[in-house]
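Chain lettering (A, B, C and D) follows the sequence in which the chains are written, and residue indices restart at 1 in each chain.
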């Protein structure tokens, strides 16, 4: 019923010819995995009628026959970009799956992102060990360190060659995966036998074909607590407004989900929602109306929302090439205060910007599970010889997504979907501010 | 590609003829929902090739045209069976969706489960109000109370008639939904215009066509903390074993997921896994082997695991008709101690049975979201005139499942699926103990 | 051995002549309290040799004979100033001790601070009931609302007379207690029989003769989590500095205690510590030195620290009369960045200002206990006819402190005491930055 | 005013003659501590009139002149008995104070309690390092392991001699300190220059002259959560009783404090309180009365309460020599059920025994601070040459308590004190059940 269908092909280094050690035949009951064939797929949309092209992604999981011979395989893992809950869980599970289950002896941790693949700018890698990783899944941040920005692909591939690395796991977002792709292209150009496998990391949850990235629910849980604070503050004074800015540059998943979890938010402003401030049914008059009736309000704004309102003269970029945003939080606080005052209502705005606090915490229970499964799926893909591939997630299943498919696109929250509908129901806010 | 396909029909009271108030036409931007047509479906399996019959369930969500006229509708909600995180969230969101969004004025809370529908045995219902529900989503348990067991359908329907109730929401598990079905049959027999809509509640996550029930991740998160304790205890003494019994009568989802979240468990025993204790590669010799090598271990056992080992002479049932289980926890503790001692190793077993502690806590962040969406989906279904229907969840979407389809079956965790494969990878335990 | 000794007298409305209902003589085992005589005292310093004047404060607790006749007593409670964890716990325990244990039937909750005692500016009070307070100790904020600033004492006493209130509990800080004192003076002038009892509320812990105010440990616990985030951020990038601003206008207790709890802080700057930025051993060169050696650092600064560095031209005050502080956080961030850059080291400063998040949370376990005891001590004092008195805490015991004794003074953290010594030991920072 | 006064003498190895490195004279501002002279004391009771003998304990803290020369000092630390929150914090701060602040190079961690001081039964010690201890304060349990029971003092002192250890820190309870004392006696007999310093560890808070032991508030906080669960369970069914057993063998501090924190407990039974079950105003009729009136109840029982009711025929002891208790929890559950049934009321008892869960968790914020200060106080004492001494806590100050003073006694909660009075006020239970 979809408008088109496509089985998505996955780049493969060569023909797998080693028997997976996950099937230890001398101990018949020791087989620890249900092997997944390359012919197993997961459809991108489970709805009928489908609303767009139907894609079939190869299902992730352990393969019965693998490409790399574990005892002669050296792997490395690098974490890039901003912190995200679960990075250490991913590092740990990648290492444990490689060493305990596949029997790979050498797993290197690259220091401080792609800088660590450039001997000029970075530090030498660390060798991961059982002792080193034992308890890191309880810790926030990344034991490897991270950094933003790119390094020249030839330099990085020189490093991989020098270190005799066969598999590189790149944990990061959009820009990181672009870097992974350029490494793979250079690898290909040189005809090397190196697999590059991406693990999506985006606290904003804005990577394509990855319906839930790790770290998101942890960030939402912390955000929910902040919203509870804002609620208490708003009710603690006469005519109080609790205004909270949350992460979300181009996608409002955190703001929307935290709203839903909190149930005490009255207005949620996300990047996907164009809104006007002062029109007849603009945000400010609607807020003022509520303040007069109910005397308190909680407002959530994602950092990328309302950028059009601030007349940015010039657009700046950070080291990763992301657009630098103007600060919607203080801007909105000022607008709310002056609009209400101009309309004769003295209000008290408590502004909270939790900033890094929602991302530099350990993964919560559910993200711990998710990280473990992303990591082990990535190991299975790499050992099977998949390359230039990202572990995606569609319909609650892990899949192989060619990195080229996600490049240059960002997933955004649909204003017609279930999540946003739930936000509208829970806040009671109008569908548009115009 | 599936072996068979079926579009699942949903019982409907009559032809909807009222315009949904969610589409407030006089305020063009006030429409707060993307309406879902009855012809939208979600497939049960998103995998290709499919491994069983492919079912298409009607997608849940608000309908543009509804069956009940909100100002003349009276609704009631009842919570049955054991506690589960999120019951109050469900009560609150059912009430708020009905009153705030649909404009239903009368929503009753039935006291202490089905007992409250029987004037002989129960207490009168309470009228839900904004004030009453305001903060209940922060509280564990259920403000309505609950109970186990059945009441005669004619008596309950007499009550519904006397109270002029049009919609009854039944929050509960297997047995509760059986009760809901019998109420609906009696309603049908009398030709009444009453919708009965179920919301699945099962901390064990064992209801069919409901891939994730509310309360599960909260229970898993608490269980993870208990496993962390067991890990600390096991390492705190020479030759320490931390043995934890977790809920899970016929399905091991909590034990499996908590294992994955914890990453410190060495053995996970679930009801789905037949295992022997003393065979050559039975559980006890494998555990003993590990204790000799690593000197500590964490063992998780679901309450329904290993029942076959205890030679139950007679099978008892509780008030809900569930089989009463013999206590695997102390049994296993004793077996471990005596086997190790018999083999010359003095060990120290710390046994932890968190019992109700994992279920009588407030819903965590993710369950809060899930509860809200289950509840609002149920309201949409009921207002649209669906009846004898349960809100299910397949492929991360909410759907309508006829109650008759889930009756008498329990969902179990597949030993060939992703979750169990992850458990095997994380624990390193053999696939079988035999 | 102290330089001087003084037994502190407590203002008393008149001679107590009612038998306390806590001693229900017809049920001999029902006496629920060990009565405390007015002649029981607690010394202010338990150290020998004492370092200042030794004060003996009357010990708080239930009296065998009381001044007010419970069935004819009406009480009111008001919460003033900024939010603080535990306000609802205090309200609840004041109400429960009055109603359940003393049998006082009317307890009013004043809305929005002293505004609620002024019919012109405020809302009418609410009558507290069992149902209303049942679960409020789980909630952040104050169910009564609060506000800053004063109201005319005659207007407030008119209100008390009109409402026939015999006891007023004033929960608040310095300014609030000044207000309480002026109410009592007006009461006295009019010869009314009204007791005014203060309960100290100060998240900064800066009230005299109150060694630990409620809310402090909760604020410290939240701050500790924020410091953990800053630590992760600082280690997550090359040359990362995590800079956190915490509450603490004139006293650095929160910053010091959070440092101790975190154990990951390298520099703690508090209002009590004069420090220079650029001197030979000023803060910036010492920080730069550490960054070169250890490559990351965590810096905590209390909001009132380093005010002298910002050359404030004019001093502003808020509605409560407190000095408005200039923002040391962004100032310090800028100084750190430019100093390091000027010295050839490119660093990355992650600045976190948790602001209200550390105060608008529910009381944690220990504060719950503390609140309950402060509240019940206040009720005992009031029922016994004490007035113009504050519940203080010295040597881990609750005492009666005349409000006049605390007025115009703020407790500050001693740089020679145990707490600051522990901070120096844990951070390794020099005793002075000069 | 006390009946008698005594300045408590502390055993001292010899005359201190090294200048403390905490006073780095070449860097005048680097002195990181306010030195405490041996002539500073803290009184045991701050109340006037005092109710017993007044003891003056030497104040703990860094001394200007020390006994051991740091570069030639070797220290060791051992953790004994059951787990307690904060053990790792203590280990870490002892190590850091020794190495970072005093410059002691060798600090050994003894494995598995006193077993590790006996080469026959134990494992060799580990050398503590910065890397090893870096993050252990976030972890439950003890990285060194623990064990119960004694080892021969001569064997242990042989070990100390062989390892050239000058300072031994013994972290543990009553029995452990007895062991420490016997080591010191043997050391003395041999004329060795070894300091033995105890750090009190007792989750029950029952060590004399230690008003708050580390781990207590963490255990209380976890217990509070369990009580919240019991409350939800009790209200979730008709006539529900939530019955919780908490740790507390001879002292009911955990049960009392958790009751106070929870505010939802109706009956608290502690070892200090003799009570009868069935007398006219015994526990069971009073409970039954409440159940009839209020329909639910929460009951907390400390494990050591009501032992007299179970007619223990023989008294058993565990490896540490503690009396083994009969299980009051199931006993009470059965009594409650049968008494209520016999009196015609069908009730539903939910029994929760959290067991190890309240002790094998990481230290919370406040305990983290307490642990740090206990540990550093112990290091100061040892470096100054104090021996056979325990770090105590009176009037919120750390003091030196000769181990001989605490031996054979257990602190118990006073039924006439502030804490129990608060429990009676919060529960409303009668002062006696008779």
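The criterion applied here is as follows: a residue touches a chain if its C-beta (ideal position, glycine included) is under 8 Å from a C-beta of that chain, and two chains touch if they have at least 3 such contacts.
Computed from a prediction, not measured in an experiment: that's the story for all the values here.
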Intersection of the contact lists for chain B and chain D: A, C
Selected pair, greater C-beta contact count between A-D and A-C: A-C
Most widely separated chain from chain C, with each centre as the mean of CA atoms: B
Averaged-CA centre spacing for the pair chain D and chain A, given as whole angstrom: 44
Centre-to-centre distance between chain B and chain A (centres being mean Cα positions), rounded to whole Å: 29
Approximate Å spacing (C-alpha centroids) for the pair chain A, chain C: 41
Multi-partner residues of chain A (at least 2 other chains): 139
Of chain C, residues touching chain A in the complex: 83, 112, 115, 139-142, 145-147, 225-226, 228-233, 235-238, 350-357, 360-361
Residues of chain B that touch chain C when the two form their complex: 135, 138-139
Sites on chain C touched by chain D in the complex: 27, 29-34, 39-43, 46-49, 56, 59, 61-62, 89, 92-93, 96-97, 100-101, 137, 211, 217, 220-221, 224, 257, 260-263, 281, 364-366, 368-369, 372-373, 376, 394-398, 416-418, 421-422, 424-426, 428, 430-434
